[in-house]
């Protein structure tokens, strides 16, 4: 019973918290904060509770739950967790928890903020658990509104512009996804009743069966519509322009969520929907995917290098890092009718791990930027310098997290990048070299940044006097993130053990269709 | 007989078209209402002519009766509104009402 | 001999009329309410018992009867085909009628409640206002049940003429009187054109009854006279002309481009309460009528598809134009007016797809289309009325309906602002709000119809693009409310808790229809209705339970 | 079947046709003769009543009235006045809207004249006997107001404009109670055909509709008030209102156009009184059982025409007498009552006459029901309406074969 | 034949009046032209054996509605707006559009072969066949819900002939509502127009 309803409980625990907050008086700020924090902690604990019951050897969906929602359209409230989604669920509740801790820096209209925050968490968790396409779509959009308001109300000076840009990009992507959704729905058939379905599991089966779900032409359309929708979220060049603005304007905790979780939904969507349903199109388009990935890596890195705004730099680094994800999943290789090539599996594994690693490290990087911004109220790299002298602990933690982002061996960023580049080597050597050079570029701009911000002469910029040591709260957040960045880097199998069977199932299933070409 | 029906329909058409043109070109609110009356009357001519010449039968006459009554009701309200407008603007020129634009 | 048979008829009449009257009881109760309102004033009761109580009581009784009818007799309360005809074929009492009767009565209750809260008709004008309101509603209910070309015109007039007055209800205000004048001028013209079209159709086919129209049309086009479905044939041309004129009248009621001029002006000048009423009720009734009329045109054969494409173009242009124009508005009511134009366009796509599907013989798809439109209207009721209600309530505090004056309201009346955001985002069509599900239900069948005719896919494309675009202007209000700070010199706008509760009541269904199992309840009901509506002409009711 | 005027017309036409060998010409001539007849009936009362008003007003004001111009009691006065007015120059003020100014009197005269087409002067002496005769008559008479309004507007004078507007308001308002009152006898009679309604009221006095029930009794007086008002007669002559508006819509008129208005006024006075007589006062019946028996008596045999003509002539006399009496009452009222203010006029109508007439109407509808409880159909014993119940008429509808659908308004036929 | 002559007289008056409404510039002359047009329409109705409709047309339309309209004209026809000049461009466009529109209707209507369309039905004059044009009784019966104009037995076939009891009754409610509305607008009491009290709502 508990097992069966656990996913539902996880999704709606934050919602319940939000309703609770709604009923609380808005003057009691501390009470509100602690309630919200409790809710995120509970959610995190609930997600951890998934682990004991999770069968690592099982590739398919676990914790499945299905209830009729709109029966005459065959829309179900259908949840499930497999190896691909489980790590991301954990990441979500984890990052949300620490983002909530980081939210102590928010002072304006705290009640609304916390409510929206919790609603956002519901949406994110829902996306990772939904196994009904319609439900997936609904959850996908659910985070849109809270995010919009979180950026729009609590953001920086250009918050309005950034928020609407984020909103429009995402909505545009959603609309494309909706078209694909309709295409898929009207070409689907329930194996027994022959009615149209939204059930992703059945759709996947159909797509990988003999008949295929869509004909190749339709697959091309559906895939690219879906891909654009998801690529906007990832974000891949050329759909990335919303990201720097959104990040720069968003408050620190929201940046953490944005970078740590939201971007991953794009990659997850590709793996969960676009790939299994349109294998033929994936096969045809793999080169383009890889190219997009590589371009994102390089472009993001160069763009990051050119920034003078600290946060913007981190944002572009996200573009660059998420490029590895696209690259990793795009290195399609097929051995035989039911086996995908090892390098493809490795690529996807790498991409998944990159998502996790980046989730932790980028959240940490944004948090670190936030810490200093809270003190000096600017992010101009050219005015920084010499923070190390004033805030040694902060400098240390920052350096650790930035190294994790850089991909230093032994830290989380390394595993994903290496896996992806290695698999890309099998796919195309030139691209692999280019992608690998991205690593160097990354190292370049991150080290340069570290030098500009932390080293050098003592800080003489604005608000010099405000540079107080880190608070305990900040220390905990930074410390925990750093620790996890290291743990992931040292014990990657902690996550791989969950992912590998599911990814194998995914790729092998797709291989069947591709091999027929 | 058919020629005759056509004749009536043509008269109806003349009235209808006159009414439409009147509605479209006149700026005076009441003149526009006159156009409306013409349009309704054109339709009425059609109905009565059809009533005489086709299987529509008496239905046509009854419809035209209702139309006459409804036109009266509509005219009453329209005039009340037009007078109200006049009270507020001291003119009945529809284009003078330019507070609402777009 | 003849006299005897007439006597016979006279004695038969009561029994026959009796059953008709039972089915018509809700409308009659509303008529009685109108009389009661006037008597109340005459006898001076309105001092002790304000008009809105009488109106509310009457509406609730009417709703009780309508609902009880459905509830007591189960889902088969209404009949289908010939049996459903009332008053010797002037009206039909089928599922569509029942649906819209309940729809309009619920809506009327909400509107009356809103007017009580916002106090736009003061006690003195109350009876007048509610008389007009109920009178217009009766007309709209007749529109939904009209089965005769005369009733079509009569119902449209009954719905329109009181609306003209309601738009000009603030008679001392220049804007209001101007709005009323523009509305009446355009409205009367459109009604006239529609009547002329009616006369051509009725005359050509020799009948006024809608189901006979369809029958005779089919006879005519397939008859040995050799009329065919060729536009070169005069008879066909005449009918097409007539049908187009009828559609012009309906398009006017639906404020579709290019017959939309009145809409922004009327809505801006009218009190927000009236705007809310007109934007939902008259649109719903017009859609009911449109579905009926279009449904009769399936005999058109080859002409149906061009007609559908024509309507489709109108739908696209309406939604695009509405959204574009709305962007430039500074007045909330005016913006919402343009938004109603756009939404009419969205819903019209459903009707267009229905026509295409019917022409293809795919009744199941046509059912889905109608279902989508019905569902959309149901959600639209709450989201649009909610938006207008909030505009009205805020106007009562700030005396302004400019978006600029909504700046920073979130601190003053957080509930209203949140609910306004819910309504507006639902209008955009964002999950998990009802607007999304509604849009999905309309657009999904249209998309499926693309396999019949490619143009339907274009319709969906435009609708989706418009959805993205509509975000720009809908967002202006939440942006003003939440993101911008309140100017120093702004009026205080604190609202009471009654208002908040009422607004909550209005917006709760939007949320429920977006994510609760209620969706399935409503969509099943809508599907039933749609199923019966669509399959009627084939005679017998195929099955009592909808199959899918 | 009594020969109607229309029957005669057919005869005239057929006679002419025999002479002329030309259908259209014969028809045209027949129409001319008809018009002449009707115009005669139109002009005659007007002339008489103009003279009568002068005499009566004179007596009321304790003077003699016209005595000098010709004949006994100055009976040539009206003709002399007419001659004078026709000779006068036809003036159109500069500010006036010429064409409308000129056309207005014709509208008034034509509508007033047209009303006489539907008025039966005796059983069957009617130009056009229609099932909707009364309705049409009221319709035609209601057009008179348009002429007045046009005259008021086209004169280009504010007095005239005010007069015209007052007339419009007054006419439109008073039409309502008047129509409702007219409906009451219609309910009793079950017909809109004036000839039929008149014919129903034969027999004793109790058969007159005015005595049919208390509601129709009251309705007569309400009707008469409204009818007086609709003729713009004092005390409702606000459209002219000499003391306030100079002469209202007549201010700018002179000469024969001016006289047209008066001709029309007196003619319509007679017309509305004629309606009153037909609807309430027994039409051409005397109310004396024996005499009415002769009037309605059997008309068969070789000399039926002669008897019919004689009876009709007698009926005509009775009818004319009754109507004249009512006109005299109007004249009497005019010279004894002061003029009302315009707001009083409107209030009288909207606040009193309309509710009263509505109550009367309701009462008249309920009356037969109430009576049926007592087991009777009328209070007087002889049921009114026996002669031509609607069902009987429907019974008399012939089969589809025996009538050709050629009929026109100019020589509309009565029932077969 | 005489019908023909009368027809042409009325037709020319009706059509001419209608065109006059469009062409004339003076609002009162337009009104008069409208009266001529509608009055002649009544004449046409007589020719079409629709006496009752014709009388109603005269009584309600010409005698009531138009008087009301003229009343409105007089109340508002003041000063410079009485005459409404149209620019020649407008006139031209109006005329062109009107002609175009008319020709569309005319060409659709003229070509229709009514006989073939209506093969199974007799014209109403033959069908009713009591006194031609005396349709008031049949109309009356229809209005109380008894379709008795052709033959009474047709009532069994509900679809073919319609009784009009419902609209007859329901239109009374409509008229009542409209009356209330018009009276409300015309009522003397006016709401305060003070900007402070009401804003520009």
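We call the chains A, B, C, D and E, going by the order they appear; numbering starts again at 1 in every chain.
The rule we apply is simple: contacts are C-beta pairs under 8 Å (C-beta built on N, C-alpha and C of every residue); 3 or more make two chains touch, one makes a residue touch a chain.
As the structure is a prediction and not an experimental result, all values here were calculated from the model.
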Where chain B and chain E overlap in contact partners, by chain label: C
Going by the touch criterion stated earlier, list every chain that contacts chain A and also contacts chain B. C
Farthest chain from chain B, comparing Cα centres? A
Chain pair bearing the highest count of C-beta contacts: B-E
Relative to chain C, which chain's C-alpha centre is the most remote? D
Taking the mean of all protein C-alpha atoms as the centre, the chain whose own C-alpha mean lies closest is C
Quick one: chain A and chain E, Cα centre-to-centre, how many Å? 69
Whole-angstrom distance, CA centroid of chain C to CA centroid of chain D, is 50
What is the distance in Å between the mean C-alpha positions of chain D and chain E? 27
Chain centre separation in whole Å, for chain C relative to chain A (CA means): 44
Going through chain E residue by residue, note those that touch at least 2 other chains and give them in order. 49, 52, 56, 64, 66, 68, 71, 75, 105, 109-110, 112-113, 117-118, 121, 123, 125, 127, 148, 161-162, 164, 167, 171, 174, 178, 181-182, 185
Hunt down the residues of chain D that sit against at least two other chains at once, touch-wise. 394, 397
Chain B residues touching 2+ other chains are 9, 16, 19-20, 29, 33, 35, 42, 44, 49, 54-57, 59, 62, 66, 70, 73-74, 77, 80-82, 84
For chain B, which residues count as touching chain E in their complex? 1-2, 4-11, 13-22, 24-31, 33-35, 37-38, 41-42, 44-45, 48-49, 51-59, 61-62, 64-66, 68-77, 79-84, 86, 91-93
Chain E to chain C touching residues, read off their complex: 104-105, 107-113, 116-119, 121, 141, 144-148, 152-153, 155, 158-159, 161-167, 170-171, 173-174, 176-178, 180-185, 189-193, 198-201
Inside the complex, what are the residues of chain A that reach chain C? 68-73, 109, 112, 137-142, 144-145, 149, 152-153, 159-160, 163-164, 167-168, 171-172, 175, 178-179, 182-183, 185-186, 195
Within the complex, chain C is touched by chain B residues 9, 12, 16, 19-20, 23, 29, 32-33, 35-36, 39-40, 42-44, 46-47, 49-50, 54-57, 59-60, 62-63, 66-67, 70, 73-74, 77-78, 80-82, 84-85, 87-89, 94, 97, 99-100, 102
Touching residues of chain E toward chain B in the complex: what are they? 7, 11, 14-15, 18-19, 21-22, 27, 30-31, 34, 37-38, 41, 44-45, 48-50, 52-53, 56-57, 60-61, 64-66, 68-69, 71-73, 75-77, 81, 84, 86, 90-91, 94-95, 97-98, 101-102, 105-106, 109-110, 112-115, 117-118, 120-125, 127-128, 135, 138-139, 142-143, 149-150, 161-162, 164, 167, 171, 174-175, 178-179, 181-182, 185-186
